[in-house]
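Chain IDs A, B, C and D follow the sequence of writing; residue 1 opens each chain.
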Amino acid sequence: MRRQVRICMLGAGRVGRLHSGTITRYVPEATITALVDPADSILEETAKDCAIENKYSSLEEALDKASFDAVVITTPTFTHRDLALLAAGQGLHIFLEKPMALNLAECDDIIETTEKNGVLLQMGFMRRSDPDFMAAAERIRAGEIGEPTMIKTLTHGPGLPPAWANDIRTSNGMLAEVTSHDFDTIRWLMGSNIERIYVETANFKGEERGATAKHFYDNMFATMKLESGALGNISGVCPCDYGYDARAEVIGKKGIMLIGEMKGQALTVTIDRDQGLVTPIFRRWPERFAWAYINEIKHFVECILTESTPRVTGEDGRWAVAGVLAGTRSFLEERPIYLKEVFEAEDPAPWLAGD
Amino acid sequence: MRRQVRICMLGAGRVGRLHSGTITRYVPEATITALVDPADSILEETAKDCAIENKYSSLEEALDKASFDAVVITTPTFTHRDLALLAAGQGLHIFLEKPMALNLAECDDIIETTEKNGVLLQMGFMRRSDPDFMAAAERIRAGEIGEPTMIKTLTHGPGLPPAWANDIRTSNGMLAEVTSHDFDTIRWLMGSNIERIYVETANFKGEERGATAKHFYDNMFATMKLESGALGNISGVCPCDYGYDARAEVIGKKGIMLIGEMKGQALTVTIDRDQGLVTPIFRRWPERFAWAYINEIKHFVECILTESTPRVTGEDGRWAVAGVLAGTRSFLEERPIYLKEVFEAEDPAPWLAGD
Amino acid sequence: MRRQVRICMLGAGRVGRLHSGTITRYVPEATITALVDPADSILEETAKDCAIENKYSSLEEALDKASFDAVVITTPTFTHRDLALLAAGQGLHIFLEKPMALNLAECDDIIETTEKNGVLLQMGFMRRSDPDFMAAAERIRAGEIGEPTMIKTLTHGPGLPPAWANDIRTSNGMLAEVTSHDFDTIRWLMGSNIERIYVETANFKGEERGATAKHFYDNMFATMKLESGALGNISGVCPCDYGYDARAEVIGKKGIMLIGEMKGQALTVTIDRDQGLVTPIFRRWPERFAWAYINEIKHFVECILTESTPRVTGEDGRWAVAGVLAGTRSFLEERPIYLKEVFEAEDPAPWLAGD
Amino acid sequence: MRRQVRICMLGAGRVGRLHSGTITRYVPEATITALVDPADSILEETAKDCAIENKYSSLEEALDKASFDAVVITTPTFTHRDLALLAAGQGLHIFLEKPMALNLAECDDIIETTEKNGVLLQMGFMRRSDPDFMAAAERIRAGEIGEPTMIKTLTHGPGLPPAWANDIRTSNGMLAEVTSHDFDTIRWLMGSNIERIYVETANFKGEERGATAKHFYDNMFATMKLESGALGNISGVCPCDYGYDARAEVIGKKGIMLIGEMKGQALTVTIDRDQGLVTPIFRRWPERFAWAYINEIKHFVECILTESTPRVTGEDGRWAVAGVLAGTRSFLEERPIYLKEVFEAEDPAPWLAGD
């Protein structure tokens, strides 16, 4: 019988439950031997939904009572560093959800510790495992649209994130929790790091939805000059309410490539000629990136089994965090920020409460 | 100043009004010098809408009081032959709406009389002037998809036609009033005449909509073997209520071509993730074939000014009528009918009341 | 640890390999404990591709040497009856690829034997497990488009099937090997059996591709009257070369529903304004129905684990075979055939060589 | 007979020829009584193409020898002010192509002079007359997507503009010649003026195409904060080579609206399953905005005939010029620029050669 990778899930919330379900239902080469969450009811629900037997309230407890080869970390950002360091210290491979950490120092800690302990580190940028985006990356690399000159990406999420995630003092806000994906996508598809960034934000729904954190924003444009000379733009809207929307357009010297679509199913109906054609939209990210979530976990497991390097590394996670910090500083200071300003700053994120 | 073709409109109803508006608004090279309709209120409305001064209740009256070079005939099918013969006898060029006539003898009369009098005869198969369909025809001819092996066309019309038009005894019904277009499209795009035809019909809405004629049907499939050996299929639905729908697919030995779409405007909205994306549909045929209606009238006028032969002739009209008669006979006799059976029949349409 | 259903794969060819790969990669709740194929090289290839250890040349050998709870039959049609009877006799649950069998008597044998032995029988009509088609069925049932009045489906397959599958004497030809899916889809979506059927065929590529069987055809239209009074039409093209194409349109009294699309990936590129926009098409059926293939096997396994009845039964398989036989007879006799003619015939398929 | 507006065309180049053709072919309510261009060959070509008899080398000559009620100005930007003032002084109504002028002082001169002379002034922002964009504006105003919070527009033009138009010293460059449309669209659809703007540019093709002007750029992002608090983003690419591309997305508190599409014709072909589906793209702007060009001229003529105010005024033109100047200053100074900085500057465009 084939060897299975044993996994401990750290976090049983929305994303933890998504990954747990994926592993249980579609990944025969892995098995969940521990599920960890400090919140009892969430722990019970996800365990039941995914038929997981071993439930624990902390990684420490799980380490004590269960056996596993790897951890999947889906807890809040501010816990990433400590959990990753503890896991790496135990020789466990790490799948880490985005954003990697709150700041660059935490990223450095994670990268160094995983390297020192010889464990794998894969970041949860699932677009890197999405068939549409993967084919796009490959075809851009192959030169199909010529040298890339401009990229536009968007991530519009339907619901308001939890309070800790929409407050820049505890999570770096939407740029971190939502736009991280876009920062990584731009680096990946354009084959270039970001040189400088300018961000505009707007707040239209905060008050009525109870998001009262200072500097809360629900609409955002980030405009970038890349080191290659190309331009990048991201739009972020969260909560957008109308569905989950993640698309990209890349312009090259020879042509244009459109990646993704809003249509969530090939099923169009019309019953009223004054209304017109009606087609499902992707309601939430698990629908849009169903294959990506399966593929990224399979890739992680495959890398463990074959001792290969994952396709999204800590270095990629760190660059996305740098983009988040530069972008946040840009809208706070109302000017374009060079990434090197962030890398060279003594305190690159003074807005963080506990920093 | 440029010479203008003077036109007498015969019929001020829906289609007459559409053509009148087209000429008035978009065809500087023509001018309407007479509008004819026996129904006063319809005559007045269309005259007002299109700023036409000269209104008459009959072609005879118009001939007596106005001057024109051509007629556009949009009256009911059963009047086509007599009007066409009268106009041709006066040396007037003729634009004739589909279906050409009730039976083949009437078609022959029209063809012979126009030829004898040296006047132009153009049939109102507007798809022949539609940019999508024209490009399709050209690209099929050029061999892009290889020898055509199969075609599927559809015309689904939103509303119930008037009583005379949905009774096979007075108009040959939907096959004539709606499907005529498809018969012509198939001959044109496939470059082949029809050899035999099998028709199935269904009646789902007749009773509730007051269409009580015997043999009334609102859903229809026509399946054909063409002389070239290729196959053809038409679907007809009228009233379909959901909008106006006219599309085609052509399969060739090398590939497939899709012509037309349901989307009526490039404007997509979503405000509810449970509903999804909403896009306008073409509500009625004037929207779907807006350019085709302009183009076909301009083509007619251009043919008159340059003494050229129109791109849709009486022969094309006659073949469509033959398809209508064979198709009607097929569903009445529940068997495939060869076109030659229609051409050779003493009475090819015994169901016609006055035939 | 969760109980796994042990499966013996009968057939290691294209479809057998597809199902084997699906089970191995995406179905943790099942495991393949035997792979059977008389052709050594095919057996080796699929076993290697799917990491299957136990390989046998016959079901008898597998029964002797391995343990399993169920069989997945993907062998040629003419072997279905005997394999199914042998498996059922051993108490094995059966997943059976379409078409069910060569004729109604074989279908009856399979249905009776599985019932007598109390084993499950699921037909491989994967559209019944496709998210698009399933949502369509549900929404039609819920009345969204009103009473269904007309359905059009198509299956166009890219490649020429093997010789036994394109010869009506050994397999009932395209109607069986390709169009079976459409017959089932129509019954399922329309909620009605077929009353009569008329089929036209054409042969454009046979000679040049070496398909020399008498009555070979590569283009086909089947037009049906259903018992409900609604109409149905199927187009079949095989080989169509241009990709894999499976779509449907359902018209109801209130509206229209379009199911499926040709676009195989949300990735559009243009690099030449004279060519335009280029988007991937589904190349083969495994791409188009990726989720359906996973879902149908998961459903089969779930039914075994929970002792439930599969959603596609032997009765469904038998009706599709009846459609195949009536359709074949229709184009041979050039007339519409009532299904009851098939059910009441002494020899419903006299064209079968060994019948 | 209906009264016709007599028009003098100023400029017989690409845009002048487009408008001349539109009037000649689709606008019976107007007639071209003079065509003016200093370049003989261009004058001859356009006159021949549009069957215009009276040709002149200057407006002065045309005023001397011909009679007309209005002028359509399509000459280079730097000539707009003087031509508009001369025409207005003669009591002629003015249709003026975008951009309105080189700077705000010229805009003021034009607005004041037309007002003083009581002549109409309509700006050539054809999107205001495009059916898709008009329906979008109406539906946004009606509140369908809620209060608008974000807009993204793009104009990507296929070819390199003439030297005077890609040099910021003679024309303000791409922001003026291409992006003017987007500035107007944003103000119009969002119902708000721009408060500040940040622009990033890149130059990828200049050298190889012979565009050697200092500060030449062919890729551009403009990010804006509007007075309403909403955000705006424009992408500009020229030359993009792949076709003509003009689309917009508007996000509101309740939903999203997508305006326009790349597909230029409803005609999809596939003949190679490795390539996929191929659909025409809009090759040039006259194809994309065919109806808009007809509608805007008809609107201008209608306004003259009915003494109404055009839907796009000099004020709209002036705001777009202000956006151009602020945007240009932004990328030169590498910082966001407030529009009020432009309005209050002594020399708002110091980069202009003759300013």
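The criterion applied here is as follows: contacts are C-beta pairs under 8 Å (C-beta built on N, C-alpha and C of every residue); 3 or more make two chains touch, one makes a residue touch a chain.
None of the values given here were measured: they were computed from a predicted structure.
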Selected interface, A-C versus A-D, where C-beta contact pairs are more numerous: A-D
From subunit B, the most remote chain by mean C-alpha position: A
Separation of subunit A from subunit B, taking each centre as the mean of its C-alpha atoms, in whole Å: 56
Subunit A and subunit C, separation of their C-alpha mean positions in angstrom: 40
Overlap residues in subunit C, where contacts from two or more other chains coincide: 241-242, 254-256, 258, 262, 268, 270-272, 280
Subunit D partner contacts - residues on subunit B that touch it in the complex: 2, 24-28, 51, 131-132, 135-136, 139, 144-146, 254-261, 265-272, 280, 294
Touching residues (chain side subunit B, partner subunit C) in the complex: 147, 149-150, 152, 156, 198, 200-205, 218-221, 223-225, 229-231, 233, 235, 237, 240-242, 245, 251, 253-256, 258, 262, 334-336
For the subunit B and subunit A complex, residues of the former touching the latter: 158, 241-244, 262-264, 268, 270-281, 283
